[in-house]
Structure formats: structure tokens, C-alpha cells
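Input: structures, listed below.
In the two complexes that follow, chain A is the common piece, with chain B as its partner first and chain C second.
Right, the complex of A and B next:
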């Protein structure tokens, strides 16, 4: 294999880890509450703008921006849960989809109105230069994003499977009434799930803000990427999202390199439809 | 009887409107209301009656718009002749999206529709034959009446009124046919309907295809009135948003819901655009987002359900029953 191809694959894996990170949030909420957050990509977009504001107002890099974006978005998640999700969850399907879809528009165009449609970007050397090992050249900002996203996604998996908080959330997902009888508050657990899910998008947003263009409409593309990742990985499964996220990152990079940059999104979307046709339960999920 | 009186009042107002309020702005406004009402009524067939929320409905709109403009720009034919082609493409696409996803939970359907709409937008933007980012234009000077290119909005107004009437009539006919009963049963409880022998997936698919056909026609009419189509006005997500919000605001699953929604929102948008100018573009959609969230949160049945609910407490608007 040529070096260029390896370079492309490594780049895809690093980006894919970030996809995995924010898609875990979507899969968590979907698996636990059976609700699809159509504003998920717009949460990532908000994270990017938080990082941008932190940089322009305080001159802080990702060390300040990433934790702050996580915190801000986790708060947004909790507010959204109590103000909207808790009520529309009990309503008809139309209300569930309209509710989060409307939220997506509200967030996207509020940012559009405030910051304008211009492409913003962070200074290129905000994280550091470009590393070279074994002939590969990797930007520090992408390396940071990939590694942090991978670690946090694995941490999220451990949190859900190995801690008592994770067991409680699983219990609520399985059977709300039974969980309540065991002394677990479904409301609290679901609010925590939203905090985690939105926090993950905030972190992901702050990480990609260092090398992506920052623009209000990026949320739409990222939402679809999250849908594809979750459908591929099987809904409710964080390890599934991790594998699917990495896979999609690589597929996107490879098709961008081999076919052309404008077609990389088309390839991923068509893949999504292909999976819906032939394997709707995803790569490793159950129906 | 009361229904009949109401209906004749609505029809009389609709016919008289452009004659009473005859400034070009008012006639254009009326034509736009009817145009969006056609698209929103078409969405209503699948989104309201079948309860399957298509958030990428613009894809059919775009098929119609491109077929109409394409038949002129590529073959020199009347845009009217593109309409059947647009319908065929739209119905085919609906089958491609619907066959796999309508078997699954409704979320998959919604996600697939948005992905297909984006895919189509990207493909069209990168296809030179379809004018890429610039799009296609219709006839600048009409060769004959079949080019449907008029300076005044009045002919468009009556044309749209006829098409809207056809759309609503077929919707009404559908709800009173066997298919309508299936749809209502499926919406209340798909499992129960299936166990009683209602062909759930197939019925939903038919509703989706019917909806796609009418949406395609509305797209073609839109392109004829504006004389051009580009990827954003043909396949942009914001058209989907407008279609969806009008149906949901007026009342999804109610015959006249989309018309009411369009009659409220189209003037609102025109006014906010003329007041705020280009700066208001973002703000209009902030407002739309807020309206959608509020409907979902407080009145998922839409405005018209405020009236119907009083008459029959167990309305079939989908409001207030657990999924």
C-alpha cells in the first residue's frame, strides 16, 4: 500500500473517533428513551462555537475550550430534557420528531443570526504543528481530537457497563416502572443521560473546531453522520458506535481521496440507505 | 350540513379573494399560500394520515421542479410535459426509501428521508447536465400558453386553486376508502392493525407514494411560477421545513390543516422578509423552529384540532395517545 493511502486511512480513523464520540451520545439517548434527537449534529455545532468564543474572547485553546464546551452543552442537554423531551416522549411520534427537529432549526438559525453565515476558523497552529512519524504526517489538532475522542468513548462504555450509575441507567432503559420500584428515579437518570449525550457532542465539537470550518449549517451534515453511525452500529450500543464511527471515518476519507471530495458525503449516505435495505439492525445490533 | 356550509364559504372566499384584493402583491401572496398548501396537503397524506414523519419531503418537490424545468431547458418542451416525468421519478424514489424503512420504527423512516434529500441535493449540485449549482431556467418569454409563464399572479392563483382542490378531494376520498380505515387503524396501533390483517407496510407505502406524486406536482408548479430552479430552492432542507411546519401548525391529519397553516405562515414570512430584508432570513427560521417546538410540546394536533377535539373527544389527530 502506498504511503498516501495509509495517510488517508489514519486521517479517517482519527476523524472517525470523533464521529464515534458524538454518535455515542445519540445512541445512548435512543437506546434508553427510544427518541431520536434530530438536533444532535447542531449540538456538535454549538460545541464548535463555544470553543470559538472561548478562543476569541479569552484566547484560550482547547485545554480551556473543550471542558467548557462539554460543560455548556451538558447544561443545554439537561435544560432541553426538562423543558422539552420529558413531555414529548409521552406524545405521539409526530411530536417527538417535530420537537427535536424544531430544536435543530432553532439552534442552527439562532447561531446563523448571531454569527452570520460566514465560515469561521481557528488559527492553524492552535494545538501545535504537524508531527511526522514513519513517513506519516499528522496534524497535532487531528491527533488530539482522535485520541481524546477514542479515550472518552471507551470511558463512556465503561461508565455504562461497569459502574452503578450505568446499571441504573440500563435499568431505566429496560423497564421504567420496575426501576422506579427499585428506588431509581427515571427522571434523574434520563436527565443524566441527556447531560452525558450532549456533553459528548460539546467535547466533540470543541475538538473538531480546531481543524473544521465553523459554520452554522454544519449541524445538518453531522446529524446525518450520527444517524448513519448509530444505524450501522446498532441502536443503543456504544461499542457499535465506536466501530461504526471509525469505519465511516475511513470510508469517508477513502472515497474523498479516490472519487473526489464532493462525493464523500454521498458515499456515506448511500451506504446508510444500503444498510437500511439489507441490514437494518446494524453491524452488531439486535432489532 | 354545517360542514357543507363551511365548505362553500371557504370555496367562495378562495374564488373571490384575488378579485377583491387585487394588488399584485396580494395576488402573489394568495398564489403562494395555495402553492404551499398543495405541498403541505401532500405531506399531510403520509405525515398526518399515515403518521410517518417525512422530514426530507423536499426531495419530491425537487424532482417535480427539475423535471418541469428540464423538459424546457433540455428538450425545448413545455414545462407541463415534465410533470408526468417528475411524478414517476418521485414515486420511484418514494418506493426506494419506503420499502425498507416503513417496515421499521418510524424513526428510521424520518432519518432516511433526510439522508435521501441531502444526497439528491449533493448529486444535483455536482451534475453539470442539471445546471450544477446554477440550476435550470424556464422560458423567459412564453412561446404559447402551454409554457405557463405569466406576468400576473392571477392565472397561477386559479391554477393552484384547482390543483389544491384535486389534492384535497383525493385526500378526502382516500380517508373514506378502505385505505383510510387501514391508515387510521395503523396509526392508533400498528400491532393491533397488523394482527387484524391490515397490510400495514403496504398501506403506508401507498400513502407515501401518493404523497410523493402530489409533492412533485407542487414542485413543478413552483418552478413554473418562479421560472427557475436551483439545488437550494429545489432540494434545500428549508423547503422541507416549510412544508412540514405548515401542515403541523394547521393540523396534521386534518383535511384543511395544511391550508390553514399555509394561510398563517406564508403572509408571516412575506411580511418579515419585507420588514427585515436580507438580515431577517435567519430570524424567520429561528421563529419557525420555535413554532415547531411549541406545537410539538403543547399542541401536537395543530391549531385546527382545538376545534375538532371539542366535537369528538376521541379525535384521530394522533394527539394525546401514547405511542
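Right, the complex of A and C next:
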């Protein structure tokens, strides 16, 4: 195997880890509440802007920007839950779709109004440049995002499967009335789920900002991948999103390099539809 | 003639009277529809264009004797229409051809604009100008370079900018000159997105090089607004072309610059076809890692006090940005349209069309470096021209070619970061 091919695969894995990172929040909300959050991409965008503001105002790198973005977005998640989601959940499916879609536009154009439409970028060397070994080149910022993606996925998985908080959240997801009878408050659990999901998304944004451009409409570009990742991985499955993200990243990279970039989406989506044909619940989803 | 026909004619006559009366009542203001990407991935372009048009309106509607020979600057408003003011009605095309088409329809049928101006992306200009053609309303385009736009036999479409074929010729000559000074320019790679702009410009450039007996060695197409371009950069790194010509909008241009740095790849010559590389936010975001990129431009700031320098200052005050080639071409186009309406002395579409056809502006009546403005039968400005500029310090472009009006000699090879 040639060196270039190894580089392509490594690049694909790192890209896939990032896809997984910004999909984990979406899959959590989807799995917990059966809500498709169309504002998800714009949560990523907000995370990017928080990181950018932290950098320009305080000169802080990802060590300061990432936790702050997580915190800010977790707060946004809770506010959004109580102000919007709690009410539209009672409405028809269409209200849920349009509600989060409206939120997406509100967030996008608020940032647009405040920051303007210009493209912004973090300085290239904010996360220690690029590592080179044996001809392979790995960007530190992508590596960091990849490692955090693994940790976040692991953390969320453990939280859901090994803690009482996780059990309570899953209980609410399974049967709200029964959970309520057991003394679990669905409202609180779902607000926590939104805080975690939005927080993880903000963290993803802050890390992606280190190697991507920042613009109010960036959520549009990134959110389609997130939706595909989540449905391929299985609705609500955090480890599924990780595997799916890595898979999509590698397939995209390989087909982009070997066949041509304009065809890579065709390859990804044909495989995606073909897969869902046999396994509509996704890789690790439950029927 | 049946009764039905007579009634029809009478109705038409009555309607035209009403319309004429309406036109007279509104003579104080001449509305021009401006279709730009105000949202979506190229919204930064739309924001800059809006600021530029507002400055142009200020210059047209208020007396600006300091601007010398620039038509419509001297007096307030349009003299030919009794001092009527120009008013731009902005419409957002979202960077989407279908939306651009709807907006053209709305501007023409509801806002009753005298002319339409726009629409940045060649693909959007293609659809929106078709509506103006259908309704018989003049459409002026100042920045879309896809060659086919003026090959459709349209009667109402006018374009002031140099187009892909002009630039392809400039690139061929420029690279031949570079070769004469010892640079290697044999293997050329084209990198472009899959939009109307990207594909048509790539085709035009590759045809021009083929004609010169130097077929393009590598053609790398990618989907617009890409999430990742590592594969494409690795492809280039693998094939090692001497020259890369980039045909990209801002988002992808930034991503390519970042990815080329992280994969440590630089070609000897990186030549950009305007678009993203002229966006001031490209320079702010990745200028420092794109040092030495060549670009095309028709805009050169003149000496202090010259019309172009004064306008550049006005634009900077308005927008907070440096004037770039794209907004300069847009402003120039808007001036040409205003001048034609002024000379027509009316907002009657046929008269404006005739005035546009009769346009004959000399270089000293322009704010940009064209040799003049004069349209051929297809509506294309035959005196449009351009030069090669280079981002030598990563902050400001300087003109480097042709030698006659170069500020500095071209610096080779591409430095990057």
C-alpha cells in the first residue's frame, strides 16, 4: 500500500472521529426524546463562535475555549428545552420539525447579525501544528478532536449504561408515565439530556473550529453529515455514531481520492441507502 | 376585427396610459433591483456588495465633483430624469439559482424595478436574467464570468466584467512570461468546484491551454462547500503539477489553504481565479498561509486623490473592509447602469436598453482598470480587461503583471506560510 493511501485512510479516520463527535449530541436527543433537532448544526456553529470569542478576547486556546463552549452550549440546551422543546414535544411531528428548524434560523441569523457574514479562522498553530512521522502528517488539532471524540463517546456510553442518572434517563426515554410512577421527574431528566447533548455539541464546535473556517452558515455544511452518521449508527446509539462516523470518514476519503471528490457523496449515500435497506435500525440501533 | 379584439386593444391602451402616468408620478425615484447572496455560504460577498451599492448610490444621488470624469457623480441624482434619485431594492438569492429566479420575478412584477442588477454566482445570474429577458427588462451583470451567459442570444442582458475567455488568455500569456523567466510551467492542474462558475471557467481555461498546445495535466473537481479536501490535496501532492489554478468560492478556498498547510504541500505557482481569493475575509483568515498566491483583478487603487482612491476610502468607511476586485467590478457595473438610465432620460425599458447599447465610456470615465465600456451585439463589454496581482506579504495584493502597470515584479516560487 502506498504512503499516500495510508495518509488518506488516516485522514479519513480523523475526519470520521470528528463526524462522530458532532453527532453524539444529536443521537442522544434523538434517542431520548424522538426529536430531530434541526438546530444541531447551528449548535456546532455556536460552539465555534464561543471558541473564537474566547480566543480573540482572552487569547485562550482550546484549553479555555473548549470547556467554556461546553458550558455555554449546555446552558443554551437547557434554555432551549424549557422555552421550546418541552412544549413542542406535545404537538404533532410537524410542529417539532418546524420548531427546531425555526430555532436553527434564529441562531444562524442572530450570529450573522452580531458577527457579520465574514469568514473567520483561528490561527493555524493554536494547537501545536502538525506531527510528521515516516512521511505521515497528522494535524495536532484534528488529532485532539479525534481523541476527544473517543473520550466523549466512551463517557456518554458509560453515563447511560453504568450510572443511576443514565438509567433514569433511559427509563424516561422508554416510558415516561412509568418512570414518573417510579419517582423520576421526566422534565428534569430531559433537561439534563439536552444540557449534555448541547454541551457535547458545543465541545465539538470548539474543537472543529481549530481546523475549519467559522461562518454563521457553517452549520448547514456540517449538519447533513451529522444526520447521516446518526441514522447509520442507529438512532440513539452513541457507540453506533462513533463507528458510523469513522466508517463514513474513511469511505469519503478513499472514494474522494480514488474516484474523485464530486463522486464521494454518491458513494457514501448509495452505501448508506443500501445498508439501511438491510438494516433500517442502523448499525447499533434497536428496532 | 371582432368586438373582442377592439375591447382588448382598448384595454391595452387604457393600461398603457395608466402605466405611463404611474411612471411619471414615480419619476423622482428610479428603482433598480439588486439580487445578491445576502445569506447562505457566500453571504460575505452579498454584505460587501450591499455596502458598495450604497456608496455608489451616494455618489449618484449627491453631488461629488471631486470624482472627476465619472458620469453621474457631478450633480445630484440623474440629470436626464430631472434629478431623480436611484434607489436599490435588495433581494437575497441565498446563492441558489431557483431563489434568484423567484427574486427577479418579484422585483420585476411587484417592485416594478426599471432594471435588474446581479446576481454574483454565474449559476444564479443564468436563471435570474432569463426572467428579465422574458419580461423585457434590462439586466446588468457586473461580476459573473461564465462565458455562456452572453451566448444565449439575449436582448436584455448586458455584462461589464471581463469573462472567463479573457482571463484564460491572460493566464496563458502570464504563464508563458513566467516560463520565459525560467519558471517551470509545463504541467498545469485545475482545481474547481462543481457549480456553473467552477465547471464553465475550468472548461474555458482548459480549452485556452489546449489551443496553445499545452493541455491541462490534471483536473480536480470537488463539490462546492466541501467538508474536507484532504483527498484532493493528496491527489495534487501525488501528481506534482508545476502550476495549480484554483477556481473556488471563499469557503473552499479557505479549506484548501488550511489543508495544503497541514499536509505540507505547495506547488511552484498557485494561481487563483478571483472569487474566494478576492474576498477580504479569505485574506484575514488564511492570507498569512497563502503568501505568494497569484490572482486576477481589474481593480487597482490609484494615487491619493484619484477617483478610485476616493471611492476606495468611501467604501472602507461604509463597510470597514478594503476595496477588492469583486466589489469594484460591482460598483462599476452599477455606475454603467445608472449612466444608461440617465442618458435614456426615462425608465422605459426599451429606451434604457437602447442607451445601454449606445454606451461608450472611456477609461478615464471609469473607477476600474478596464479600457472602457462598450457592448457588442451579445451584450458583452468588449473593452473589459484585467491584470495579475499577487498576495506577496499575505496581507495586500499588489499588481505584478503585465509589466507596464506592475507595482512589483512577481515573486516565485509560491511561499505559502
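Convention: the second predicted complex is superposed on the first by the 260 of 287 C-alpha atoms of A that agree within 3 Å, B and C clash if a C-alpha of one lies under 4 Å from a C-alpha of the other, contacts with A are read in each partner's own complex, and residues count from 1 in each chain.
Methods note: a residue touches a chain if its C-beta (ideal position, glycine included) is under 8 Å from a C-beta of that chain, and two chains touch if they have at least 3 such contacts.
Computed from a predicted structure; not experimentally measured.
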| item | value |
| --- | --- |
| Touched partner set for A:109, first chain B, second chain C, both or neither | both |
| Touching partner for A:36 - first (chain B), second (chain C), both, neither | first |
| Touching partner for A:222 - first (chain B), second (chain C), both, neither | second |
| First (chain B), second (chain C), both or neither touched by A:131 | neither |
| First (chain B), second (chain C), both or neither touched by A:253 | second |
| Touching partner for A:212 - first (chain B), second (chain C), both, neither | second |
| Contacts of A:119 with chain B and chain C, given as first, second, both or neither | second |
| Residues on chain A lying within both footprints (that of chain B and that of chain C) | 109, 112, 117, 220-221, 262, 265 |
| Interfacial residue positions of chain A with respect to chain B in the complex | 30, 34, 36, 38, 84, 87-88, 90-99, 101-110, 112-113, 117, 220-221, 223-224, 227-228, 231, 262-263, 265-266, 269-270, 272-273, 276-277, 280 |
| Sites on chain A touched by chain C in the complex | 4, 7-8, 11-12, 15, 109, 112, 116-121, 124, 130, 132, 137, 139, 142, 211-213, 215-217, 220-222, 225, 252-254, 256-257, 260-262, 264-265 |
| List of chain B residues in touch with chain A within their complex | 47-48, 51, 53, 55, 96-97, 99-101, 103-108, 110-112, 114-116, 118-119, 122-123, 125-126, 237, 241, 244, 248, 252, 282-286, 288-297, 300, 318-323 |
| Chain A contact footprint on chain C (complex, rising order) | 39-41, 43-44, 46-47, 194, 220-223, 225-232, 234-235, 237-238, 250-251, 254-255, 258, 261-264, 279-282, 284-286, 288-289, 417 |
